[in-house]
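After this come two complexes, each holding subunit A, first together with subunit B and then together with subunit C.
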Partner chain A sequence: MKKILIGIFLLAFFIRIAYVGSYPLSLSMDELSIGYNAYSISEIGMDEWGVRYPLVFRSLSDYKPPVSVYLVAISVRLFGLNEFSVRFPNVLIGSLSVLVFFGLLRELKFNKTISLVGAAWLAINPWHVFYSRAGFETLIALFFVIAGIWFFLRGVSRKSSLILSLSAIAFSLSVWTYHAERIYVPILVFILVVLKRKELLVMLKAQKIKLIFPFLTTILFAAPFIYMCVFAGDTTARAFSTSLLRDFHLTGSLHAHGYSDVLDMIFNNDIFLIFRHFLGKYLNYIDVEFLFKNGLHLTLPEYPGMGLLYLVDLPVVLVGVCSVVTHKSTFLKKITLALFFLGPLAAASTLDEQHTLRALTWLPFWGIIFVSGVDYVVKQRIRLIKPVVAFYSLALLLNFTYFADMYVRQFPYFYSELWLYGYKEASILACAEKDNYDYIVLTDTFGQDGPLYTGVPYEYVLFYCNIHPSEFLANGRKIPKILMRRPDWPSDVKKDMLVIAAPYDFPLDQIDQKQIVKTISYYNGKKAFIAVTTRLNEE
Partner chain B sequence: MQKGINYRLLFLILVCCPFILSITFHFPDFVDAWVAYPKLAQDKVQYLLSDGLLANALEMRQTNMYGSGVIFYLSKLLYGKPILYISEFISWLSYFSPRFYFQAGDASLFSTRFVEPIVFLLSPIWVFGFFTSIKLRKFKVIVLYVAFTLLAYMSGKREFAYLLPAIMFMIYFIYLGSTRLLPTRWFRRYLAVSVVYGVYILLRLAYAINI
Partner chain C sequence: MKNKLLLAIFVFALIIRVWNINALPPSLNWDEVSHGYNAYSIIQTGKDEWGEVLPLIFRAYGDYKLPVYIYLTALFEYLLGVSVLSVRLTSILAGSFSVVLVYFLSLEIFKKRSTATISALLMAIVPWSLFLSRIALEANLALALVIAGFLFFIKGVRGSKWLLVVSMLFFGLSMWTYNSCRVFVPIIMVLMGILYRAELSQKLKANKRVFIAIAVVLTVIFTPVAYQMVNSVGLARYENIQILDSGAIARIENSRASSGLPSIPARLVYNKATYMAINIFGNYTKHFGLNFLFFTGGDNYQFSVPGQGLLYIVNIPFLFIGLWATRKVKSKEKILLLLWLFAAPIAASITRESPHVLRSILMLPPLVILIGLGVSFFDRYRFSTKRILLFVYVTALLISFADYAHNALNIYRQRYSQSWQYGYEQLVDKIRDRYDSYEKIVITKKYGEPHEFLFYHWPWSPAMLQADTSKIQFKQSNWYWTDKFDKFYFVNDWDIPKTGVKFVLESGQEIECASCMLITAGGAPENWRQLDTIYFLDGSVAFEIYEH
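Showing the complex of A and B:
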């Protein structure tokens, strides 16, 4: 069994680490921010704003919890500042999640074989693989959540306050890793305590003093968090910036200037409207298309897509639902129900619809349901089980092939633009040429069909030009000779500059072809940026 | 379980279904919608059989990693009609997703954007009732429910008018679930809250229409 589990771990690791520096094909803005802050911590012990070992990292538009940054700092120290080092902690923790999930399933009383199937399911699950291959904090937070539940159940069943302390550490770390867990974890822990209250009371009577340790651990982690929530706006800033209260679909119907009459107050009450809006977002997650057809958003809406789970998971999931509903264990029923309702809760409280990143906390529920389905089928002792398994394996292989193609080819083809593909090349060019010109202009506006998006090129320049944090801070958080703005061609043309911007930012009919130093394309071949020198224009 | 229909319970459940009021007011439009159904269904069948369905898949076949060489046929399989039909099947399954029935509706005459067609508090009872019907081996009801949903899907539009027959079966599941849970005190309280909320929603609908 151990060998099989190690094999599953290695499979998970291989799927996650293969070409991780190249796919996804560009670092996202969040990854860059985490990566450069991690580099800064590992080099000078300060973040990019000059704060020494912060507990909250100020980013471009929000404040990031610290766990990911410190983990990446270790990786950057080991492997240098590059795409691989930023993504490696996620690869490793994503792979370790498979082992932790196996432990959780065992603690939920599934037998070893079924738990191994569960571990294998997670190892190849597209939703988990997708977030394991890029520097998303949510994946690390999920690892701590699964570990927290596992340790909690193990601690209660073994009556061990030490294991319960480990659970407290894991849950606390998850809260310190990603925002969604701040809503999810306290409710989940409350439910776990309620469900296991009898066992906990017995423990409390038997070993009063020892049970203080999990409480102390929780307080140790919670105290600075509560302090920051109350006295520093940093921790709550993110919650406000992404809250569904800022959704313009909702704000338009709210009564900022009061109600017109009493009936308006009764029937169009803001509290009711907010709740109804939340309910709509929440129920949007319970959608078969989202789960099995296009939830990962790897392609445009009208094209064949990829769901959060494989298509072949669908029949097993349906059996799993029936199996859990009719299961003997009331604890399994209740915890599965809790995980079902809690999963999309935090995600539904935010601006975006069907946000797979924030809803990743839902994944353990689907894992348990899948495993319950397999468990049920195996227990039926169906005579033709071998052909069924063979057919299922073949279909799964086909599904995996489909996912691999979607991930490696279709996703870059459709979305390289949204992953800011091209900025790496543009930044490296800017750094290479900055000594040859008075100034380099690097645009912050891009989009293959027009100026639709705004990026933050300075993070790319910092990252790919390996600008030392102390140098960056000494220059007042500025990068000498590189201006991050959209070009203003009529006035820019009078200076000695290299302008790197989208093609529509230049009067191409007035520019000599010799002035174009370089053309940078998106993955689908459409032009992303062109680098134009102003020198020949002057001549 | 009590034999015969519990009319009081059924009435309380119907109070929680504001769509009935909308349908009553707009019954002629409802009939008109069904008169147009055969043409819509014909169009949907033609779409499913046409090559139009394949257009986007063919584009993806050009960019996919298996697009050339000996495994060209894998490419045809991945981005061919079988996968697209499975995709359509999933789209049909999404007609069972609860948001439409318990929150959003289709903002048509039959299900206004102000209120949900069925109050959301009954959604867990619907799920429970569905599993109860499986447990009681009421497979004919389930088959009819599934068939009517398929009928709505074949219109090519997720519209309330076409989903109404399926919704009637949903109400049956809610009724079935409720009769099983009725002996429990917590459910009677839950149902009372649902009815109060249902009345509020009905009044809200009346207020909204008045506007």
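Showing the complex of A and C:
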């Protein structure tokens, strides 16, 4: 059994680490800022804003929770500043999640074989693999959540306040890792405590003093968090800026200037409108197409796509739902129901629809449902189980191949621009040519079909030119000679400059071909950036 | 006594369906005028607009409309004259009678008057039935026929066997009313046959005459359906709305080209069959999305008010309670109801634009019946508590209804009049006044099928139309286009020149204007004199009338 579990862990690790530096194609904005802040911490003990060992990273003014950054700092220390080291903590923790999930399933009274199936399910699950292969904080937070539930249940069943303290630490760390957990974890812990109140009371009577430890750990971890939420405007500002209250569909119908009459107050009550809006977003997550057909958004809508779970998971999930509903164990029933309702709760309170990153907390629910389905099928003792398993494995293999193709080929083809592909080459070029020109202009506006997106090129320059944080801070958070703005071509012409920008920012018919120093393309061949020198006749 | 309540609900349903029918929806859309004019043509000449004698399928725009709605409209136009009311009356009555049919169906299944009454009330006021009953829609008539089919089937199985024949007649008629039923009815008939095989074989063996009658009815109904399907006119509509259109095929090929898999596995995962299967499945599940049912409705602005659900939010918990409560009901009718619910969206799933409010309307009766069952959950409380809960529920329902009605009448009507091709009625009045002063009248095709609106609103004599040999009509991409009849010429918006008096028709002819009236969607060539403007209800320009 142990060997199989280790095998599954290695499988998970291999799927997550293979070519992790090159797929996804390039570092996203968040990964870059995590990476550079981590580098900064590991070098000078301050973040890019010059704050010493912060508990909240301002980074791109999105005020990131700290755990990821510190983990990446260790990784950057070990492997240097590159794509691999930014992503390695996710790879490792993603693989470890498989073991922790196995532990949780055992604690939920599934037998060893079934729990192994569950671990294998997580090892190859598209949703989990996707977020394990890039620096997404949400995945690390999920690891702590699963560990927290596992330790909680184990602590209660073993009557061990030590394990309960571990649970408190894990839950607290998850809250310090990702925003969504700040809503999710407190509610989940409350539900767990209520469900296990009898056992906890018995423990409280038997070992009064020892139970203080988990409480103390909780308070120790929670205190600075509560302090931050209440007294630091930045964190709350971030929370508000992504909350659904900012959705213009909603704000348009709210009554900022009071109600026009009593009827208006009854029919269009603000509280009701907000609730209805929330409910609509929330119910949008319970969508079979989203889950099984295209939720991962690897391709454009209407193209063959990838869901959060495999399509072949669907029949097992259906069996699992029936099995949980009719299950003997009321605890399993209740905790599954809680995980079902809680999963998309935090995500539904934000601006976006069907946001897979924030809804990752939903994944353990689907795992438990899948495992219950397998458990149910196995217990039926069907005679033809072997051919069924063989056929299912074959279908799964096909589905996995499909996912791999989606991930390696289709996803870069459609979405390389969303990963700011091309900025790496552009910033390396900018650094290399920096000393040959008076100025270099690097655009912040890009998009394959028009100026649709705005990026943060300075992070790319910092990262790929290996600019030391102390130098960056000493220059007043500026990079000398490189201007990060959209070029204004006619007025930029006369100076001695290298302009790197999207093709539509130049009057291409007025530019001599010789002036184009370099062309950088997206993965699908569309032009991303061209570098144009303003020196008209060089030789 | 209890039936007085039902009568009251029926009258209420009728009133809210017929009240202000000219104003909401704001105008007749192109399908409605096509129904109206083909019916008018049948009354006047016994032929449709294309000169076909009493057709079993109406060519219309090339979408081949099924006949039942049009013949019923002919009846009402004969009795009441050509008007918005007579075009929409069939749908209004179908919607109102659906309320009564749902009541008796629920009563037949669950044997509880209170449950049946709630379901009837829901049927009367939920937007899905209410809004569609105010539009001339074949789907809404087909819905009533299908409910009647189920009702008489259950009654027939339990009692008088001749009712089985009546049931078959209703089901058969529905297949001649709306295309979705041509998918749904055969499926549900097979399922019913399996479910009730014991009862049916017992009944039919005992009485040969019923058996023969059913066989005759089924043959008479199905043979021409099969004939039309083979003959491609019956599938003409489907070709325009199928999933595997040219775009889909291009997408599959694109995916295969950018795939890194070797050619055989790539073909195995990116092909028409898997694409179809996954999309049909996805479409199917979308119809059960709570968002579709309770929050957003469909994407088509004509069939549901944007931002409003189809069933009112208060009913969400009761739908689940109702589904849960079916566990305890031990009867075949319950299974039949669930089969109905799950078979209903199949037809809609094999088309694009899913979830579709119209094509999936057959889901509605099982849903309201189940919600009604869910509400009878209150029965477990003491009499006084139960009354209070029921009162609260009905009040919440009526508030939802009032809110919906307010929204539809005051906001939807103004904002979406363009979706209803508003303005043609006023336009035709203005053209008629000046008809004699011009040699040619040129009209933009921007809002679609202007000739049909002229036919209907004029109303143009069908005999004259059929005799008109100068008209230009042609077929292109599964659609019949009209470029000219009488002195009317129809041009694409982009074919209206910047200067001059020459126009090119889509069919290729060039025309020159000596004394012309020109109707555009805004703007005109230089040196034309503007006579008049017609506005949409939100104040933007619908038509501008010019002369030269």
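Everything below uses one rule, namely that the second predicted complex is superposed on the first by the 535 of 539 C-alpha atoms of A that agree within 3 Å, B and C clash if a C-alpha of one lies under 4 Å from a C-alpha of the other, contacts with A are read in each partner's own complex, and residues count from 1 in each chain.
Throughout what follows, a contact is a pair of C-beta atoms (placed from the backbone, for glycine too) under 8 Å apart; a residue touches a chain by one contact, two chains touch by 3 or more.
Bear in mind that the values here come from a model prediction, so they are computed numbers and not experimental data.
Engineer: Put subunit B and subunit C onto subunit A via the superposition and say whether they clash or fit.
Structural biologist: clash
Engineer: For A:Asp438 in the superposed arrangement: first (subunit B), second (subunit C), both or neither?
Structural biologist: neither
Engineer: Could you say whether A:Asp512 touches subunit B, subunit C, both of them, or neither, answering first, second, both or neither?
Structural biologist: Neither partner.
Engineer: In the superposed arrangement, which partner chain does A:Glu471 touch: subunit B (first), subunit C (second), both, or neither?
Structural biologist: In the superposed model, A:Glu471 contacts neither subunit B nor subunit C.
Engineer: Is A:Asp488 touching anything from subunit B or subunit C once the two structures are fitted on A? First, second, both or neither.
Structural biologist: Neither partner.
Engineer: Touch check for A:Leu398: first (subunit B), second (subunit C), both, or neither?
Structural biologist: both
Engineer: Scan A:Cys322 for contacts with subunit B and subunit C and give back first, second, both or neither.
Structural biologist: first
Engineer: In the overlay, work out which of subunit B or subunit C sits against more residues of subunit A.
Structural biologist: After superposing on chain A, more of subunit A is contacted by B.
Engineer: Which subunit A residues lie in the overlap of the subunit B contact set and the subunit C contact set?
Structural biologist: 267, 276, 279-280, 283-284, 286-289, 293, 299, 302-304, 311, 398, 401-402, 405, 408-410, 413, 524
Engineer: Enumerate the contact residues on subunit A facing subunit B in the complex.
Structural biologist: Residues 263, 267, 276, 279-280, 283-284, 286-289, 292-293, 299, 302-304, 307, 311, 314, 322, 325-326, 398, 401-402, 404-405, 408-410, 413, 524.
Engineer: Show which residues of subunit C lie in contact with subunit A when the two form their complex.
Structural biologist: 247-248, 251-252, 254-255, 258-261, 265-266, 268-270, 274-275, 278, 281-282, 285-286, 289-291, 294-296, 313, 399, 402-403, 406
Engineer: Hey, which residues of subunit A end up touching subunit C in the complex?
Structural biologist: 266-267, 276, 279-280, 283-284, 286-289, 293, 299, 302-304, 311, 398, 401-402, 405, 408-410, 413, 524
Engineer: Taking the touch rule as given, give the residues of subunit B at its contact with subunit A in the complex, in rising order.
Structural biologist: Answer in residue numbers: 56-57, 59-60, 63-66, 74, 77-79, 83-84, 86-87, 90-91, 93-94, 96-99, 102-104, 120, 131, 134-135, 203-204, 207-208.
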